[in-house]
Amino acid sequence: MERMASHYRKSGGRWLGSGILRGMGVTLKNWIGSYFDPSRLVTVCYPGERLPLPENSRSFPFLIYDGDDPEAGLRCVACRICEKECPPECIHIENERDENGKPRKRPAVFDIDISVCMSCQICVEVCPFDAIEMDQIYAISTNARFEPLRLHKEQLLKPNEYFRELSPTRSAAADARREAERAKQAKKKEAGKKG
Amino acid sequence: MWLVIIQLKIGIILTFFSLLFAVASLAERKILARIQNRRGPNRVGPCGLFQPIADGIKMLIKEDVVPRKADRALHFLAPIVMVAPMVLLFGILPYGGGLTLVDLEVGLLFFFAVSSVSELAVFMAGWSSANKYSVFGAMRAIAQMVSYEVPLVLVAITPVMVAGSLSLVHMVEDQAGYAIGVIPNWFVLTPWGIVGFLLLFVTSLAEANRTPFDLPEGESELVAGHLTEYSGFKYALFFMGEYFGIFAGSGLAVALFLGGGGAPLPLLQWIPPYLWFFVKLVVLVGIVIWVRASLPRMRIDQLMDLCWKGLVPLAFVNLIAAAIWHYSGGGWQGWILAGGLLVGAYLMLNRVVLRSRCSWERKYYLAKS
Amino acid sequence: MNVVLFIIAALILVGALATVCVRNLVYCALSLAATFAALGMLYLALGAEFIGWVQILVYVGAVAVLIVFVILLTAPDRMRSVGPLFSRSRILGVGVSLGVFGTIAYAVHKSGSLKGSLSMPAETDMQSIGEELLSSYLVPLEATGVLLTVALIGAVLFAREEPVEGSEESQESKD
Amino acid sequence: MTSTEEVESISEKSERLLNISMGPQHPSTHGVFRMKAVLDGETVVKLTPVFGYLHRNHEKLAERTSYLGNMPYTDRLDYFCSLTNNWAYALSVERLAGIEVPERAEYLRVITAELTRLQNHLAFLGFLLNDMGVWATVLIYGFREREKILDLFESLTGARMMCNYMRFGGCRCDVPDGWVEEAKRITDELPGVLDELEQLLTDNEIVVARTQGVGTVPGRKAINAGLTGPVLRASGVNYDVRKVDSYGVYDRFDFSVPLGSVGDCYDRFMLRLLEMRQSLNILKAALNELPSGPIINPKAKNRNLRPPAGEAYGRIESPKGELGFYLVSDKSGTPYRYRVRPPSLVNLTLLEDMCVGQKVADVVVILGSIDIILGEVDR
Amino acid sequence: MLDLETIIKRVQEAVPSCRIELVSNESHSGHHSLLVDDGHAVEVARFLRDAPDICLDYASNVTGIDWLNSTVKEKVPVTETVEGEEKVNEKTVEKTVPGYLEVVYHLYSMRLKQGPVILRMRTGNRDPDVHLPSLTPVYRSAELQEREVYDLFGIVFDGHPDMRRLLMWEEFEDHPMRKDYFPPEESDESPIDEQARPKQ
């Protein structure tokens, strides 16, 4: 920026019409450039070619389960922190009741109304069990306003492998955390058994 | 017998210009896109070639909404009165090589007489839509077109004075032949020719309401000016009228200054003259589209100032320069005299505009604290 | 040749009557433009090309547009022309028109031009018109030039005092 | 505000005046903004802006949501510059609750804020020239560069425009690898693009004719009317919150504040170009000196933050002007009063004074040069 | 930073009959403010703007705050005669402080680049159209923001050139930002909203 330190003098176009011609020179450079220089032809023909999404781009949340059986490997323990913290209150959870009505640590109903959800990712941030993560799906238009946009637990559940290939670094960090957690539980259990 | 030939010629010319209209509407969107670093229509047919057909069908199918309070007859007549004279103009353009339709002795006068009818069409369109915006737009459009007819005619008179006849074919013959073997003596290669060509190009832009003079359809102020209440095929007709206006203006510029069907180099003369005419026409239309993509719109009062304080005086000076060129017999002394006069006029205009512009020279202080 | 002339004459008559009789202000202006165009066609039919195209250029291109512009500026809402079509003093009107038409008919009859056949006038080309204009008719040409400039300046002065809406386009188009 | 005697003169030639309404669907107003204009021929006699078409009562909503829950809503205020909105909100909550921010987070905040300023000014140039009728050419040149910056945001925060990136005491997530090199490459390319835009626009006779001497605002009147940001500095008043408050780590970078001289549309337009160059300086320095370390203050509680009772007013220099958040807390989990000081709304105070006497075509250019955004005006 | 005590003294000299006091603020921001009685608010503002050394020429922010009737528990020394001898003991007494509406101005000095001086004005009660003097004649930047406070809080500013609603449409009656305002029921909410009815 070698301009004079204290002043930026804007040299007026001394020749009438020279400004317009210089301006059209720029458009001509872009016109010719678009045939030769890739940086001057930036659009992509959408359905055919698609720009790759960066790793941690987010659209709507989804639930994670380990292993291959969705019900068994479900990580969510229905602690309802995400339901409380969600700003537009679009998550609705109902605990599973065992035979004598005592709530168990599993969600029977886990609905997310994606017409209300603003993909702000706070539920992922506050979830202590890494049970919910942000997906990268965006072509999800439906033909009705309310019903299809309320995703139920079955539609939300996706395996951990999907999350691992969706965003490698975040899933690695999440798995490391869960490993450390499980190791601590196990050590505490032994300490408990020994002590 | 000659009736058949005439019919054939008319057929050729009309098909060519309607094809050119289709291609130009596609080329406009493609060139605009390429200037803006994007691809432009490429979904309908190979790289968008069937797009004009698609547009045409769309325009035909689209419902033609006429406002209830509108004046039906006038509303219907306006597009016709807009397009008909434009098509007449193609009759007298000197394509050369036997394709010239008719060699009117008063060719140029015919051109201006017919092209001034389109102002009535703009009025009819604006007035019959019974919409406050379109009346406002029509008023501006007529003021602009009538004002820009004065410099257009003045500039077109200079080649008439040098060639000595109003007929366009005679003017093209006057520009035939090559000086010192290689340089074609087109009028554009003379001092007054360059200035005349630029003025003619600028005024024909204004006549056809194209950027930077497309004030009537100034989207940013009055939605679509006098075309607000038109839809469907009538709108397409106006669209076609505007394009034919550009073709006619460019055709006139080619005929008067770029030597009609003449080939730029003697060894290229084996290509028939009407092909050269069309190449030059297409190049001019390309420049019109290029101008459209890069210049903002002028305000109505600036537009009028430019016309009355800029183009008309320059056209008079150009007339005098052409006279000096004519009587000094062309050649280098013509260049010095006419050229000097024109450069002096440009410098004087330059100083007047810069002094009137309040503070061209702007200083911006870069505060450290 | 006569058939064409009769058609054009009929066109002129119809246009002129429409200009006077039609209620809608805008239709009057447009039928006036149509009459001018028909007059131009008449000249062309008689072979006077220069006058024909000048007629269309000047009258249809400028005068009609001027009248239309005046309508745009002054009567945006009063589309209907006011007052009854035929004024009460009908007799006075008919009397005056008959008198005028009678004198013109008598003068034409007296001049004897109707006697000869409608012979085509001598073939004239632009060259001769140009020379004629600048030699024997030079003085009237310059006089009209001065007149038009004065009219132009007058119009500009008029426009200057009270700002006219839109642009100050009210000057005569070129001569 | 037209004085009383002028109002009489309007009514008595009222039959020649034309009442037109520009917006809210008008193609050139920036979102749903409406202006009722009274025209005498081409010149504007009276202009009254109409607000409220995009009013969502953002502040009432914030009073029933937790402090952390409000952060994603701040993206929706000035939806072109979500990161500066986040920073302003985070700054005022940190001032309310007394939370320090580690070094690396301060640098990340400066980098993202200056990137936001760049892409906002690029979009501004495009919209202003689009109003003047350049058929979207400059708009797409601006958006071409803006896309690169939005891709940076998407790889860092996860969303292009609704970033929700800042937390009380720092930032939400760290920079993915390769991000800083990509950002450096973009900031080295941008000066070339700015030169090209300047060559295309600043000397263009039509642009100069359309903007010079249009909508002039004297400095003293601008201060009294509370104009801030480039609109104020175009009138020659040296007031940039980055220099005055030197919040964050702005005092470590040497950048200068461009000031205009006349205060018309041309100065406001040039100011943005010059400010972009200064932002590039800051970005170069910040990207080179990005320290390592934690990106969030471990002691800061984000989830159910209960700041002590009291109030705080934090403000930053957002691309549109001085964006402030005034928070009153009553020790509960949700703010008692949450007030946004919208630069776009206050910059519109002088819109009528600028437009009266100008032509209709100028009203659009003047509105474009103020660079308002309706999410912030109507809240 | 201008310290508020000197400002209070200067103001009391300049506008003798005005009542101005310091309102402290416990949060970490340290933004204490000046409470001015609405009788002399305009002269105080004009003095603050025109005094050469204070020169608060820029009103950055104008905010309305709605304070509800608050019940305050106070320790009131009550003398009771218990078993003959006097004993003074505190008894917590529920006292309801009447609520009020408040307008807060954040004033800055652009010329001297000095920090916020916060001016507060309080209304006596909370009924619908309570009046306060407008500072728009002094600070033009308050014009639109005061219209917004009128629209959302219902404080009518006397002396404001164009006292209309800013954001709501003209026929809208009540003032949405008041604490005791609940939106009318007929808004069509999606099924989830009915279930998750706002919890307070």
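Just so it is clear, A, B, C, D and E label the chains in written order, and each chain counts residues from 1 on its own.
Please note the rule applied: a residue touches a chain if its C-beta (ideal position, glycine included) is under 8 Å from a C-beta of that chain, and two chains touch if they have at least 3 such contacts.
A quick note: this is a predicted structure, and the numbers were derived from the prediction, not measured.
Undergrad: Minimal path length between chain A and chain C through chains that touch?
TA: So the least number of steps between the two chains is 2.
Undergrad: Taking each chain's centre as the average of its Cα atoms, which is closest to the average over all protein Cα atoms shown?
TA: D
Undergrad: Please state whether D-E or B-C has more C-beta contact pairs across its interface.
TA: Counting C-beta pairs in contact, D-E comes out ahead.
Undergrad: Taking each chain's centre as the mean of its C-alpha atoms, give the chain farthest from chain B.
TA: Greatest centre separation from chain B goes to chain E.
Undergrad: So the centre of each chain is just the mean of its C-alpha atoms; given that, what is the distance between chain C and chain D in Å?
TA: Once rounded, the distance between the two centres reads 61 Å.
Undergrad: Where the CA atoms of chain A average out and where those of chain D average out, how many Å apart are those spots?
TA: 27
Undergrad: If you average the Cα atoms of chain B and of chain D to get two centres, how far apart are those centres in Å?
TA: 42
Undergrad: Roughly how far is chain C from chain E, going centre to centre by Cα mean, in whole Å?
TA: 77
Undergrad: Residue numbers in chain A touching 2 or more other chains?
TA: Where chain A meets two or more other chains at a single residue, that happens at 8, 10, 12-13, 16, 20, 23, 26-27, 30, 42.
Undergrad: Chain D: which residues touch two or more other chains?
TA: Answer for chain D, listing residues that touch two or more other chains: 42, 137, 141, 144, 200, 204, 206-208, 258, 270, 274.
Undergrad: If I count partner chains per residue in chain C, which residues reach a count of at least 2?
TA: In chain C, residues 165-166 touch at least two other chains, as defined above.
Undergrad: Could you please specify the touching residues of chain D with respect to chain A in the complex?
TA: So the residues of chain D touching chain A come out as 65-66, 68-73, 75, 137, 141, 144, 147, 151, 154-155, 158-159, 162, 164, 172-173, 176, 196, 199-208, 258, 270, 274, 277, 281, 303.
Undergrad: For chain C, which residues are in contact with chain B within the complex?
TA: 24, 26, 30, 33, 40, 49-50, 53-54, 56-57, 60-62, 64-65, 68-69, 71-73, 76, 125-127, 165-169, 173-174
Undergrad: Within the complex, which stretch of chain B touches chain D?
TA: 32, 35-38, 132-133, 136, 211-212, 214, 218-223, 292-302, 357-360, 362-369
Undergrad: Quick one: which bits of chain B touch chain C in the complex? Just the residue numbers, please.
TA: Residues in contact with chain C: 71, 74, 104-106, 109-110, 112-114, 116-117, 119-120, 123-124, 126-127, 135, 138-140, 142-144, 146-147, 149-150, 153, 165-166, 300-301, 304.
Undergrad: Which residues, counting only chain A, touch chain D once they are in their complex?
TA: Touch residues, chain A against chain D: 1, 8, 10, 12-13, 16-20, 22-23, 25-27, 29-30, 42, 53-58, 85-87, 118-122, 125-126, 134, 169.
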